[in-house]
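Multiple structures are listed underneath, in structure tokens.
There are two complexes below, and they share subunit A, which is joined by subunit B in the first and by subunit C in the second.
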Partner chain A sequence: MRGVLALVLWLLLAGPAFAISDPAEALPDPAQEARAVAIGQQLRCLVCQNESIEDSGADLARDLRRIVRQQVAAGRSNREVIAWLVARYGNFVRLRPPFETGTLLLWGSPVLALAAGGGAVLLARRNRPAPPPPLSAAERDRLRQLLDRT
Partner chain B sequence: MNRRLLLLAPFGVALVAGGGFLAMLRREQAGTFDPRGVPSMLIDRPVPPFSLPGLASSDLRGRPVLVNFFASWCVPCVEEAPVLMDLRRAGVPLYGIAYKDKPEATDAFLSRHGDPYARLARDLPGRVAIDWGLTGVPETYLIDRDGIVRWRWVGPLTPEAVTAELQPLLRRYA
Partner chain C sequence: MIPELGHFTLALGVAFGFAQAFLPLWGAARGDARLMQAAPALALGQFLALGTSFFCLAWSSAVSDFSVLNVAENSNSLEPLIYKITGSWGNHEGSILFWCLILSLCGAAVAAFGGNLPSSLRARVIGVLGAAGVGFALFALLESDPFLRLWPPPVDGRDLNPLLQDPGLAMHPPILYTGYVGFAVPFAFAVAALLEGRIDAAWGRWVRPWTLAAWCFLTGGIALGSWWAYYELGWGGFWFWDPVENASLLPWLTGTALLHSALVVEKREALKVWTVLLAICTFSLSLSGTFLVRSGILNSVHAFANDPARGVFILVLLGLVVGGSLLLFGLRAPVLAASGIFAPVSREGALVLNNILLCSIAAVVLTGTTYPLFADLLLGEKLSVGAPFFNATVFPLAMPLFAAMAVGPMLSWKRADLGAALMKLWWAALVAAVAGVVMATRAALLPALAFAAAAWLILGALADLIERVRLFRIPLGASARRLMGLSRGSLGTTIAHAGLGVTIAGIAAMSLAHAAIVLLHPGETAKLGGYDWQLVNVHDADGPNYAARVATIRISRDGRLVTVLAPERRSFPVQQITTTEAKISTNGLRDLYAVLGEERDGGAVLRLHVNPLAPWIWFGALIMAVGGMVSLADRRLRVGAPARRAAVAAA
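Right after this comes the complex of A and B.
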């Protein structure tokens, strides 16, 4: 029993070992490395597709990470590095799609949702029944009678 | 009236969305739609300049050729091998680029499954493949006589793809 418990504890400790980042890949300059990571996190791994190349363990992702780092070390801007990859893999490689005609609906969807919600609220307001007219003198007398009886 | 319309709206949305998903599924089953497909940036553009042991971009001129990226470690490539051999027998010029593959392993693969390639290049670091926008092996590209990429197929070539897509294109660019 104690052995099992110890094993479980050890396995819990092993969590960080899942991080695939190989320190040998990193650039020596921490500022450049941070930039390379920031660029890599915006780029889709073409093999696993829902991971960025920074998170992916695929061979191709590792090659792309290396290229990003070479270009960062060569002094290229973030925009230039991403453009280099988009020229080869298209906008599909960007995890954050650019704003253009093809993505108008995608980027416009929050505005559309807000408009639809606002429209629904306005419609509900307009359809709300009018408040009842104030009581007439006869009704007020009747009400007083009813209240006095108690 | 308005209230009933509002009540019906969610059903309308569900109907439209359901219809859309059904159409996507149908097209996926028919093989005309791949949600994971990465469109090639090379279509109707010249081949990216490259020079590999065995093949250079300047060799891809003068007549239409197929360029096939493959590797000995790639299982779908085994599946594709007979289709490529059929193409070779049909006289289609086919150039192979071995992607991230040890030369001995490539040679063993070709002697085991047949060698359909008129020329063989080796891209051991896989760097040229990235210029082509390769997402995996196998991938096959049709290059016309002017060195312009006209077609790309991702995954193993099937006899259906050859008759439905490749053969008409080969006739057009012959």
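Right after this comes the complex of A and C.
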């Protein structure tokens, strides 16, 4: 059992993705580390293609991970940490864009799409072809004769 | 000599393409039988020409002819032969030629198997396929010629990107491209129907096997890509909502919708206009996905400026194909008379709901993927739209889809009894609720809901099957006979729906994954997820074109050896890239996953994962594709339908 526990880091994560390359990077407190990961997954590695800083192996991502962990260790809330980074790098750093006028269409897209679909269905139902007129008495008699024959 | 032959046959392919685009369509418009009869031969000719051309490229790459620029830039003499060959479609120029080859294959397939189509429809379908492809073949010839010579030839090539030197990714592009491009056939049928001005049940029956085949390939291709990301990129993640991934997901979503709405056209002659629009949209999304992603415009507007000639050419082509077909739709769609009346609660109604939800998801993914581009261009604002956005917006749209998926197949056409259908599913709902509650005690709310949805889908498919064979209500032998007699179409539906459930279960269970990064010295042990991971040693091992360090990790549980993993870190000297080869041991219910990181202080940094149910993600996709193929084998699609041998082509 020599040296077993000293080197082991227990990380119980909400998501599987992360790319920390150095065990010393992670915070000693598992709860704080989990929070840091949750924050990091919301932040974009600015020099990568659509990767969060938790997923990326880039140097910049490592620096940002360190900043996030320092701030988490200093007791700042998730909101404060993200606000701090947005103040420096702009909204580009957020993988979840903020809800504001410029992103109304983006965040509204599910509702708009559903409404368009529902509207199209209603329109189609209003313009649908008229159902065929009910059978006349003569036709019904003839149908009965045909059915009886089989 | 061989590259010149390739260049010549590429030019020949373009010539065939122009002939294929004009003569059959002109013939069909004038009612000239001789011109219409030329269509199959032209399609076959284009396929043979482009096939020869691509063979020449692969040959040049296989024999390492570094006097060809494309080969010198993307291959290396030390590379294993398989990667020299697969590298020929792994680069920009080669992939565009390959794309054109697959499209010409579609034309040749319609020519070969379309013998019992009406001759004017067949001529138009082949003509539209030619028209859609000829511009891109011309692009390959003029703007992205893969056969350019290089003089003097370098001593050795610059090698294929090491990440692409992998058996899974070697097979990924052909399968994915066949899926992408396969949707050109329903597109061509849709445009041909607009030109003809009529659509009937027979049209739906002709279109469906082609759609199904393309859908099977696309499902397989996406799954293979995601599996590759899982084991090769070494993060243990499988889907990143990357623009490239979204570009393949979009046609899959609308293609799935198309598959279902074509069913309504075939069975009930309703939703005709909508189905035509979906076919056009699906191929347009495939097309723009392939080429816009390749152009890099989604990552940065400036990628376009690096090579404006290529960018403008592609944009004009896309505009012509997408805009032209949509314009034709706008002009001609009102001609297509609707018939087939149905009540809101009916099989048709359920399929309409499926279409609305699938297309809404597609709209959200499309908006999210392109929004940063438009925000930059129109608002001058730099934004990122990543996984947190997509997870938050797609999930609420997907849940009702899953809920309806189990019920839909139980409803009858025209008018159905929802209550009766739900009564048959009560036990599935009960088990799903229990599964969700159990999961909620261990994970967050969303994964728990997804897990419940997975159970609901799998059991719902089972309930549908039990209902169809009347299990336990008639003698077992009679049930078995009913099972054998079930139409392959409905069996395929059941299998594919259950397959999606398996995939969702795998994705939901990823939230229970354990992971850790540890620094271990040889002989030391880490504990993770109930397993003991002991680093035995780290040693050198050299491959054909790389040097590697290999860690030996013994994994045991309660003192009993489970498996030994040997993750590698490979350095490729030519491209100066280091890749990690993750090693995975699976028993079907969980993956043990190990990645070797840096070495320092006599120890090695290891990243270890325990991923429960992870293999189900891709296993489920495989089940879905198998369901599609079972459906393709349906007698009704073969008898009297042109795609007699489409099932063989898909197998």
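Annotations
The rule we apply is simple: the second predicted complex is superposed on the first by the 115 of 150 C-alpha atoms of A that agree within 3 Å, B and C clash if a C-alpha of one lies under 4 Å from a C-alpha of the other, contacts with A are read in each partner's own complex, and residues count from 1 in each chain.
Criterion: contacts are C-beta pairs under 8 Å (C-beta built on N, C-alpha and C of every residue); 3 or more make two chains touch, one makes a residue touch a chain.
All values reported here derive from a predicted model rather than from experimental measurement.
Within the superposed three-chain model, A:114 lies in touch with subunit C and out of touch with subunit B [touch as defined at top]. Applying the stated contact rule after C-alpha superposition, one finds that A:35 touches neither subunit B nor subunit C. Considering which of subunit B and subunit C touches more of subunit A, the answer is C. Using the contact criterion defined above for the overlaid structures, shared-chain residue A:63 touches subunit B, although it does not reach subunit C. In the superposed model, A:97 lies in contact with subunit C only, and not with subunit B. Judged by the touch definition given at the top, the superposed model places A:49 against both subunit B and subunit C. Across the two superposed structures, the residue set of subunit A contacted by subunit B and also by subunit C is 49, 90, 92-93.
Across the interface of their complex, subunit A is touched by residues 2-3, 6, 36, 38-41, 100, 125-127, 130-136 of subunit B.
By the touch criterion given at the top, residues 46-47, 49, 59-60, 63-64, 67, 87-90, 92-93, 120, 123, 127 of subunit A touch subunit B in their complex. Across the interface of their complex, subunit C is touched by residues 2-4, 7-24, 26, 41-42, 44, 49-52, 55, 90-97, 102-103, 105-107, 109-110, 112-114, 116-118, 121, 124, 128-129, 131 of subunit A.
By the touch criterion stated above, subunit C contacts subunit A in their complex at residues 235-237, 240-243, 299, 337-339, 341, 352, 355-357, 359-360, 363-364, 367-368, 371, 375, 379, 381-389, 392-393, 396-397, 444, 510-511, 513-521, 524-528, 597-598, 605, 609, 611.
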